[in-house]
Structure formats: structure tokens, C-alpha cells
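Each of the two complexes below includes subunit A, the first together with subunit B, the second together with subunit C.
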Partner chain A sequence: MMQKAVTKKHQISEMAKREERWAWLFIAAPFVGFLFFMAYPIGFAIFASFSRWTGVNSLTGNLVGFKNYADILTDAKFWKSMVTTLIYMIGIPIGMFLGLAIAMGLNRMKHTRRFFTTVYYVPVVSSLVAVSILWAWVFNYDYGLLNSMIKALTGIHGPNWLGDEFWVKVAMIIFMTWKGLGGSIILYLAGLQNIPRDYYEAAKIDGANGWQLFKNITIPLISPVTFYILITSLIGGFQVFVEVQVMTGNGGTNYSAATIVFYLFDKAFNNSQLGYGCAVAVILALIIFLITALNFKGQDKWVSTMD
Partner chain B sequence: MKRKKLLALGLAALMGLSALTGCGVTTTSEEGESTSSAATKTEMTGEGKDEINVLIYAQEHEKAAYEDQIKKFTEAHKDQIKKVNFEVTTQDEYGTKMTAAMTANDLPDIFYVGPDALRSYVDNGYVLPLDDYVDQATVDNLWPEIKSAYQYDGKEIGKGSLYCLPKDLSCFALAYNKDLFDKAGLAYPDPKKPYTYDEFLDVCKKLTQDTDGDGEIDQWGVANANAFGMTPYLFSNGAKFLNDDLTKVNITNNKNLKDAFQYYVDLTAKEGVTPTVEQDTALGGYQRWLDGQIGFYACGTWDVAAFMDQATFPYKWDLCGWPVGPDGDGKSTTWLGSVGFAVSKNTKYPELCAELISSLSTDLEGQKALSGETTGKSMQIPNIRDYAQSTFKDKVADGTIPYASNLDVIFGYIEGSDQYKGIFPETTYTYNAEWWDTFLEGIPNVQNGSIPVDDYFKEVEPKMQEALDNAIELQNAATK
Partner chain C sequence: MKQRKDLSDHYMKSKKQKIGDVVVFILLAIGAVAMIFPLIYMVATSFMTKNQILSGTLTLFPDPILIGKYREVLSKGQFISGIFNTVKVEIPVLLFGGFTSSLAAFAFAKMNFRGKNAFFMALLATIMIPFAVVMIPQYVLFTKLGWTNSLLPLIIPGCFGNVSMIFFLRQNLYSIPNELMDAAKLDGCGYFGTYFRVFLPLMKGALGTQLMLWFMGIWNDYLAPTIFLRSEKNWTLQVVIRSFNSYYAIQSDYALIMAASVIAMIPTLLLFFIFQRIIIESIAISGIK
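Let's look at the complex of A and B:
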């Protein structure tokens, strides 16, 4: 097989060769970019993670082996922010369920579909900082939209969304679900439109009801989309930072809103523990890598392709 | 053939720069996404050969004053200077930029160093000792507190060589809204005799009112931001968080601190003379103060220009001292702050740079602009002591500089007096402030009554100690 490919290559024309040289050039640009802006910083961060580097002192003069890692794993704040990060992920299945439901609704619309898709997609293309500031006002205890509505409907004053250790997590989940919804809707909509009509017609002739159509045709055939959304949301879920920084400032009462990346930032930039921050980043990268690998491994069990 | 084309394309991408002659100023701005003020870069050009890079953070008025200063300096030294690159960033980004510059071994010639960062900068050889470069008369005319904050002998702060000239010396006094006092028929606070804890609470209770009669409090005696406005209450009861050599957190067995902190949280939890924790997250004390809902609010020396501006704060106000606790030395005590201009140890032009920072720090015209005589906006107390004590005071008295009339409160904190004292907080001398942030994080839970002070102290002390140990270890690593 390999041999075949090589012999084939020898037979290609002069023009094809020239095109190949050009192809190399085109590849070179992003590859050089990758080397400078990704590979080097990654290597640097891994190296720095073994040092008590503060940004001011010597990086190589303060190598401490795995001490940063040991300290991280015994730091209560690390585990607290890890748990918070995982709690925020409750929003992922909720977002996927809502996304699919709305996409199925939109899929039936003929004329208004484009309008509603745009409406749902606006949060995705908006600046995260801007919408976070906006939502901080929505969640405001006294003047917020949410608490005004709660008060108008029930007569009770709503919770202190961003100040209370429990409610801040609910607030963040609501925000993240809202922010991510448009993305899943678009993807699900595309997935739904790719399912050939004949499958449904054939199933209907065989007497399948609506639920059976959904369960046995729709769900399996959009599973690649579901898989894609799951992977990207999980990776994104581990990297949540901006909304916490903007809405709570210091990570919330008793660090209750802080995520892993917030913890990393706090250590590295508020407390000049850059080497330690690098070690947190390495741990985070490993976790993301592991979870993504597991997902890819497990996909055979539930992700089906149309061919 | 095609390769040549590519090369040509690459060359075309390099732009030629036309040389600028004479004095010129070019400014470019980059909008920061997350910060409100924009970072800017300004170039001042002369006809000489030396090129100086300056990196600081500043507010708009300060930036304008320093820009004028550098322009004048460039003009005066134009046969020597080719260019001064004056870069102003935001305070948030400053640390990140400096870390990047240090990592790349490409420090600007002139930059800010605060008293808290001085040791690590000196230990790692980044800053130039100024002893041989600045004139002794200039140094002698600085506030003593500030001079010692920038002296370091390799072991202790306050001794040895001088490493910075101050950008400013600031302090955090207390302001009160006169209009609310008038409405309540209360006598104004006496600037010569700060309130005791009890007197202060009593006045706050009288100022806490439901003004529109809807059954809800809408005017409070005082509002405090924990991160900045809490320590003056504690310091004024002689409270400290750490032992003298700054190695042990001492809060559970510390009566001065416990009593003062209890008093502080009770203002919210028990007495209700401040907005509740929930109300405070909804709208911060600063906005409520500007809105006329608050009797007493903290006022930094940098806040004065804003509070004097009728459009920002349409009320009559004045300064007074923080309330004094029963167990301290009887002085109303607040924290001092400062940041200083430093010269890079690796600069090619130490004399020129030292001269430039002297002008930024202590030039009379510059200080007149920053403290308000020529601009009408007082951003800071002048760094030049004899000017501050004479002309500056006179200009405040005759109204040339819009200022609160009890200016002496500020001078009391800065110079020290029988009633007043200013100190640098303990975080100034620890390698980072994580132990302090750890203490701050849980305070809202004490203020809303979910955890008593004793329990909170017991819970937080070991965490603070861990963070402090960490800082000490970093401090040791910093000198390697």
C-alpha cells in the first residue's frame, strides 16, 4: 500500500510537483506559526512548571522538581475550583437537550427559521466580556431583571445570585447555557437537515410512531453532532474564566465561583506564582487530553455514521 | 520565477520608515477589551542619539501631566535624546507586561516599582541604586515615610540605598456628606478629635434612615469596601494580622484584632448602619455615596478631584478621621500607599534616566499640575514637601485648588500627629498578598451573620498561614 503510493508519486507530472512545492509553502505558514506560538510556549510552560518562578526571579535557578505539582494536589483551593468547574458542566447536558429541542422546532418552520436561528446565534458571536457585564446586571440583587421578575411574579425577593455561594453556581450555569445554546442549535439543525427523508417515510410505512422515529432514527443519526458538541463543550467547560472574572471579580464569596482557569490566573498573576500557574496549566491540559481521549474511545459504542 | 515573486512580496511587506527630524509627538492607542481606559504609546523625538523607553500605568489626568513633563524634558535635552517612548498601560496589565519584559530581558529604562515589589526587584538586579545620580536636596525634600519605603540594604527595607523616586504618597481618609448631617441636624465631625468607636456608631445610627417612608432603609451611616475600607478601623484599634517578623499569622489569639473586626462586621450584621451584603453586591458603596445615600465613605487622596466635581458628586462634603478603637494607641490610623519611578539597572543612560525621573517625581510645575494648582484637579498630595506644606496649603485655603477644607486630616495621616498616623499595611512587606485575600474572601459570610467571628477566625487562620508560608518560600526563591 505504502509502496504503491511512493511509486505513484514518482509518476506525477512536472506541474504537479510544482504545485506540491507550493503546497509546502502554504503549509509552512501555519506550521511556523504553530512552532512559535504554540509549541514553544507549551514547552516553556512545561519547563517552568518545575520551577518556583515568580516572573521576577531566575527561572532556572529555582527548579524544584515536582514540588509545584505536589502543592497543587494538596491545595484545598485547587480542589474547590475543580469541583466548581465540574458543577458548571451540569449546563452541558441541559444545553444539549434544549439545543436539540429548539433545533427540532426550527426544523419544522419554513419561513421564520432563519430569523430565529439568527436570534439564537447572536450570543455566540457577541463578545464574552460584554455579555458577561450585561448578565451581571441581569443577576443584580436589587435592580436585576431576574429578581425584578421574580418579585413581580411571586412577591418574594429573589436570591443574591452573584454573592451567595450556592446561587452563584446556578447563575453561572444559566449564563453558560444561554451563551452556548445558539451553537448547539445551529449544529443540530444542520444534523437534522442531513437526515434523508426516506428513512422516516420507510419507518412510517412500517407503522412507527413519533417517539419511535425520534428514538430510532433521529437520535442515532445526529449522534456525530452530539459527539462533536459534547467534546467541544467539555473542553470549553474546563477553560471557563472570563465570566467568572467579570461577574464576580475575586472568584465569589469564599472562592465559590472560581474555576480551574480562574485559580490558575489568580495564582500566576495576582500572587506572582508563575511556575505554579504553569503546573496548574499542565495538569489542566492532561485532564482535557484524558477526557477527550476517553470520549473518542467510547464513541464506537454510541456514535453512528450514516455510511 | 515564482519564488522570486514570493520574495518580492515578502520584501514589499517590510515598510520603510521615514525619519522624523526635530521635535515631534506620535501617539497610537490600542483599545483594551476588558479594561475601560485605553493603553497608549507616545513618542517624543529630539535630535540626539539616546533612546529611552518609559512604561507606567496612569489615569488620564496623570498621563497628560507626565506627557507634558517628558515633552519639556526632551526639548531641554534635544541634542542628547533621539526619542522617548512613553508607554502608558492599565494597572491591570502592567504586571503582565513587566513580567514579559523581564522574561525577554528587555526592560524599559524607566518603570514603576511599588514598595511591596522593591525587594524582589533589587535582589534580582533589575533596578539601579539612585544614590549617585539624584541630588541630595531633592531626596531630603521627600516625605520621610516615603523615602524609607524605597530604601533597601539587601536585608531590610528603610535602610541603605534609595531605589525609587515616588510617583506619589497616598492615604485613605474618611469623607462625610455635609448635606446629610445638616438634614439630620447633627454637628459635623471635629477634624482635631476623631470619633471613638462608640461615637461613630451613634452618629451612623442617626444617619441611617428611611427617607421616603416606604418601610425600607434607603440612607445609611457608612459604607465600607472590605478590601480597602476595613483596615483603617482595625489599625485604629492597634490591630495587626501578623507577628513582628511577618512569619506567623496571628488572629485567633489577638484581642485587638478580634474586637476591632467584631465592631467592623457588626456595623453591617448587628447594627445595620451599612447596606447589607446583598445590597452591597447590587450596588457598591462608591455608587451609593456618589448618589447621596451614605453618610461616611472612604476618600483616597486620588478621589478628591472626583468628589469636588459637582457633576460627579453634587453634595457638600469634608474630610474627617477614621474612628478610634479603645485598645490602640488612641490615634486614628490609616494605610498609606505609594508607587515609585525606578531606573533599570541595565539602562545605557543612567544619568539621563535619573534626571528624567527626578523631573517626573519632583519637578515643581509637574507637581503643581498633579496636585491641582494649575489644573484644578487634585490627583495627589505634592511630593515636594516644602511646596506641599506652604503654597499647596495656601492654594487650598484660598480656593485655587478645589479641595475639602479639612486638608489637615490628610496631612495628619501623612506626616503623623497626636491624633493621626499613617502606616504601610503588612501586605507591603510580604511577598504577595494571598494570605490577605484569603482573609477577605469569607468576610461577606460574617457580615451577613452566617458565621460568627470566632468560628471564622478559627477556620481561616490555618489557610492564611499556608498562604503566608508560601509567600515566604517565594521570597526566599526570589533572591536566588
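Let's look at the complex of A and C:
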């Protein structure tokens, strides 16, 4: 009897082992990819960030400790691009506000909802390079759409959108809001449709007005979506690069349009400061890690869920 | 008397609501026009003469309509090779990457093995790491491997699978009952057979949607190709249109630039219009987990 139980157990574990070996084989490709193209590069970046490495000289022979980091933190260009990156993030609350307002409008529509959603989403699926080229043309000082419109309406010549240190930031914010708006609309719309209608009906019977419904039902119940959009936009906001390179080429007048990633790219691939660039990359990774961690910590405080 | 007031209240409300709906509709329509207007302007510009473009007055209707710029773009060798290079990246990546991703998703969702969670978390962590962080070491790695004179830096990593795809397919597989696994076992299906003959057909829809999104991602990718493709003959479409932009803007040939950009946008937009319901749904799901 006991003998039997033992053999049975042995058989099960034999089968489990067989399953395990197959499963490991099945996940081998993504895992090897992870090791080669993620884990190894991250380790490499951290190591190289301590070296004055150019890609041509010796990596290990030019170790300088934290000197790269010290140089970055005292480089005015770094801080300028950091501040610009943060200024661009003004677009995030604007996009979230517009996104929620439009989603609430779409939620009222029955027959035209899908059509409108599709239209609003077109910029999101459009090639970032192509629409950056398009908007560089829209923002063109002499012949662009925007300045032609301003001239037609007011008679005065509009600002030098991409050439001016101040207006280039406004232009970028307009562009990014336009490009990303469809994303928040879709997410908010899905969130709104998830709120049970009874909640509103019950509150209406209790005599709540439209603003109270919005403030006490919609806002709290939609907060997980708000939170999700906020995190992903912040993380995305720290990675802005393509539109800056396409629209301004060199980072704008006096580097006024450059972002962190633009700075990183510039140092690494235009100046061959690969070690230095790696240090910028590590700082970027730390910032993004910190935001994610902080956001998840703050999540319990202001995000309310249905149960 | 009271009843009458209630009735009129009700009547008023629905009338108020109707007016509200009309106002909202008009606002949404204005917004939609504003969103789509730059794209219309782009198409319009691509058909205009240089004189009309540089007149500085606000015009939307090309007069006369010229299609010559499209012909000019399509006769440029660099543009055509950009399309071919992009396709050369798409096909192997979607084929092999789709296979490895779905196979791994199957293992994570339906099989038991030690280290399952640890492996999964390790993969998931990579979604959080921006490409900008690893682009320098990857560039160095690909240079050392001698890949930067070919399309391999864009092809090989993709063939190892795509983490967000694994994540979504795993979620999708959870909704398929585990009993199918045991049934397949009883039928003498091996693990690979169970994946290939039972579960792969069942996740066809989800796999198709994910492959479509991945196709768009590869088609529109710019940063990785700019860094990794050292020789012009390997440039993908996005790199080509960006170089057109810098080259022809000096000559003020905006019609050509716009025509090239319009063509570059057509494949993804076409896919989007055909499958908009599925694409929008799968994106909405990602927000409400």
C-alpha cells in the first residue's frame, strides 16, 4: 500500500518535471532576449557610466568614479533640458481635462460616438515622424497654416513658433496634446461606460444636481483611469525625443526645445561621449523608477475603487 | 395641479436634455474638425504648386491639383528602398516574434513550473525601462556584432518576442478553461501540440490584434532605426521621410515632403480604419486592466 503511494508520487513528479522542462523551453526565447537586450545593456550602462568612455578608447582604463555624474549635475545644458522636459508636461493636465470633457460628451452620443472616437484617435496611430513633419510645416513662420490663419484673422504676423525660445515650448505642448488626446479620450470613455447607471439614478432621486453627480460619482469612480493616464503620460513625458529632433533638428534656438533624451542622444551620438551618455541614461532610469514608485504609493490615498 | 407640474417638469427636462445633446454634438464636431484639420491641410499641401504654398495666404484647395509630387516621391529609389527595408523588418519580426511570444504566453498561462513568477516579473520589468536607457549599450553591442551595416539590429531582438504581447496573450489565455489542457493531454497531445493545435487557434483573435499593433509600432519606429542603421541603404521608411524633410525643406519643396509623409502614413491608417473597433477596444482594456 505504502509502496504504491510512493511510486504514484514519484510518477507525478516525473510528469511535473517533464512539464517544467517543456515550459522552460517555451519561455526560453523571450528570456534569452531579455538577458541579451535588456539585462546586459542595463548592467553595461551602469558600469560605463563611471567611465570617460568614447567607444574608441578603453572602457576600463578610463574609470573616473562619479565624475560623469558630477559633470552632468553641474552642466547648465542638462538642467535646461530637464526644465524644458518638465515644462512640456504642462500638456498632461490639459490633455487629461480635454480628454475627460470630450469623453463625457461622447458618452452622451449614441449613433455618432464611434465615428467621433475614430476621428479623435487618428493622430495617435499616425506616424510620429510624419505628423512632426506636418506640424513643423503648420508652425512654419512665413507660410505655415497657423500664421496664415493668425494673419487672416487679426492682420498681424504670428510668432516664430519653432525659432523662438518661448514659443517653441508652446508649439511643442500644442503638438503633444494634439497627438495624445485620442488616447486619454478612449481610456476615459471606457472608464465612464464602466460606471453603473444606477449610481446616477439613485443620486438624482436624492436631488443631486449635475455638478454634484460629476464631483461625487464621476470623478471618484474614474480616478483609476486618471491615475493610469497620469503615470503613463509622466513616463512618456520623460522620453520625448522624436518630435524635438524632427521639428527643430538641433534642439532649437539656444537648446530651448531640447529634452533629457535629446540631451542624452546629443552627447552620446553627436559627441561620442558614450560613458557620459550612459550616466544620463542611469539618471533617467532612476527618475522614471522614482515616479512609478511614488505614484503607486500615492495611489491608495486618492484613488477610490468601487469596492 | 401637482401632477401637471411634474409633467411639465418632465417635459422641460427632456427638452433641456435634447438641447444639451445638440450643443454637445456641435462642440464635439468642432473638436473633431480641429483634430483632423492639420491632416487635411497635409493632404491639400501635397497637391499644391510651389507658388500656391508660398503665397502665405490661407488656402486649402489646391488649384490646380497636381499629382506629380506623388509620382516624384514614388520614383525616388531611396523612398522605395525605405518601404522595402521596413517590410524586411516587419515580416521576420512578426512571424518569429509572434510565435515566440504566443508560445511563452501559453507556458505562463497554462503550465506549471518553478520560477514562473520570477521569470514573468523579470520580463514585465522591461516594459518599464525606457529604450533611451539601453540604447547606448545596445548600439555598442550591435556594432561589436557587426550588425550595424544591416537590418539585423531591428530584426533579431524582435524575434525573441515582445513582452507586452506576452502579457496580453497571457491575460487572454486565462479566459480559456484549463480543462482543455487535460483533454489535450488525454488525447496524447504533447505540450507543443497542445499549444499549436488547441490553444493557438483559440487565441487567434487576440494574437491578430496584438500583431496588428506591433506592425504599426515597427512601421512608425524612428529612434531605433536612426541609431542602429549606419548605412543609408538600410534606412527604414521613417528615417527616409525625416531625411526628405531636412533635405527638401531647404528647397521649400513642401508638396514633396507632404506627399512622402502622406504615403508613409497610409498603411497604418488603413489598418486602423478597417480594424478600428478591435484596436480601440484592446487599448481601452489596457487602461482598466
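Definition applied: the second predicted complex is superposed on the first by the 278 of 307 C-alpha atoms of A that agree within 3 Å, B and C clash if a C-alpha of one lies under 4 Å from a C-alpha of the other, contacts with A are read in each partner's own complex, and residues count from 1 in each chain.
Methods note: contacts are C-beta pairs under 8 Å (C-beta built on N, C-alpha and C of every residue); 3 or more make two chains touch, one makes a residue touch a chain.
Note that the coordinates shown come from a computational prediction; the quantities given were computed from them, not determined experimentally.
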Task = Following the overlay on subunit A, give me a clash-or-fit verdict for subunit B and subunit C.
result = clash
Ask   = Which holds for A:Ser127: it touches subunit B only (first), subunit C only (second), both, or neither?
value = both
Query = Now for A:Glu20: first (subunit B), second (subunit C), both, or neither, which partner does it touch?
reply = second
Query = First (subunit B), second (subunit C), both or neither: which does A:Tyr255 touch?
reply = first
Task = Examine A:Ala152 and indicate which partner it touches, taking first as subunit B and second as subunit C; both and neither are also allowed.
result = second
Ask   = Does subunit B (first) or subunit C (second) touch A:Asn194, or do both, or does neither?
value = second
Inquiry  = By the touch definition at the top of the document, which applies to A:Leu73: first (subunit B), second (subunit C), both, or neither?
reply    = neither
Request  = Classify the contacts of A:Trp135 with the two partner chains as first (subunit B alone), second (subunit C alone), both, or neither.
outcome  = second
Remark   = The answer to whether subunit B or subunit C touches more of subunit A is C
Request  = Give one of first, second, both or neither to describe whether A:Ala293 is in contact with subunit B, with subunit C, with both, or with none.
outcome  = neither
Message = Let me test your reading of the model: by the given contact rule, A:Leu86 touches which partner, first (subunit B), second (subunit C), both or neither?
response = neither
Inquiry  = If the shared chain A is used to align the two complexes, which stretch of subunit B, 75-83, 93-101 or 327-335, clashes with subunit C?
reply    = 93-101
Overlap of the subunit B and subunit C footprints on subunit A, listed as residue numbers = 22, 55, 127, 129, 142-143, 246, 269, 274
Ask   = Mind pulling up the subunit C residues that touch subunit A in the complex?
value = 20-21, 24-25, 27-29, 31-32, 35-36, 38-39, 41-42, 45, 53-58, 100-101, 103-104, 106-108, 111-114, 116, 119, 122-123, 126, 128-141, 143, 157, 159-161, 163, 166, 190-192, 195, 216, 219-220, 222-223, 227, 238, 241-242, 245-246, 249, 254, 257-258, 261-262, 264-265, 268-269, 272-273, 276-277, 279-280, 283-285, 287-288
Inquiry  = Per the contact definition, I'd like the list of subunit A residues that touch subunit B in the complex.
reply    = 18, 22, 25, 52, 54-59, 61-62, 71, 76, 127, 129, 140-144, 160, 162-163, 165, 245-246, 250-251, 253-255, 269-274
Touching residues on subunit B, where the partner in the complex is subunit A = 2, 6, 33-34, 95-96, 98-99, 102-103, 117, 120-121, 123-124, 126, 277-279, 281-283, 431-434, 437, 440-442, 444-445, 463, 470-471, 473-474, 477-480
Ask   = Where on subunit A is subunit C touching in the complex?
value = 16, 19-20, 22-24, 26-27, 29-34, 36-42, 44-45, 48, 55, 102, 105-106, 108-109, 112, 114, 116-123, 125-131, 133-138, 142-143, 145, 148-149, 151-152, 178, 181-183, 186-187, 189-191, 194, 224-225, 228-229, 235, 238-239, 241-242, 246, 249, 261, 264-265, 268-269, 274, 277-278, 281-282, 284-285, 288-289, 292
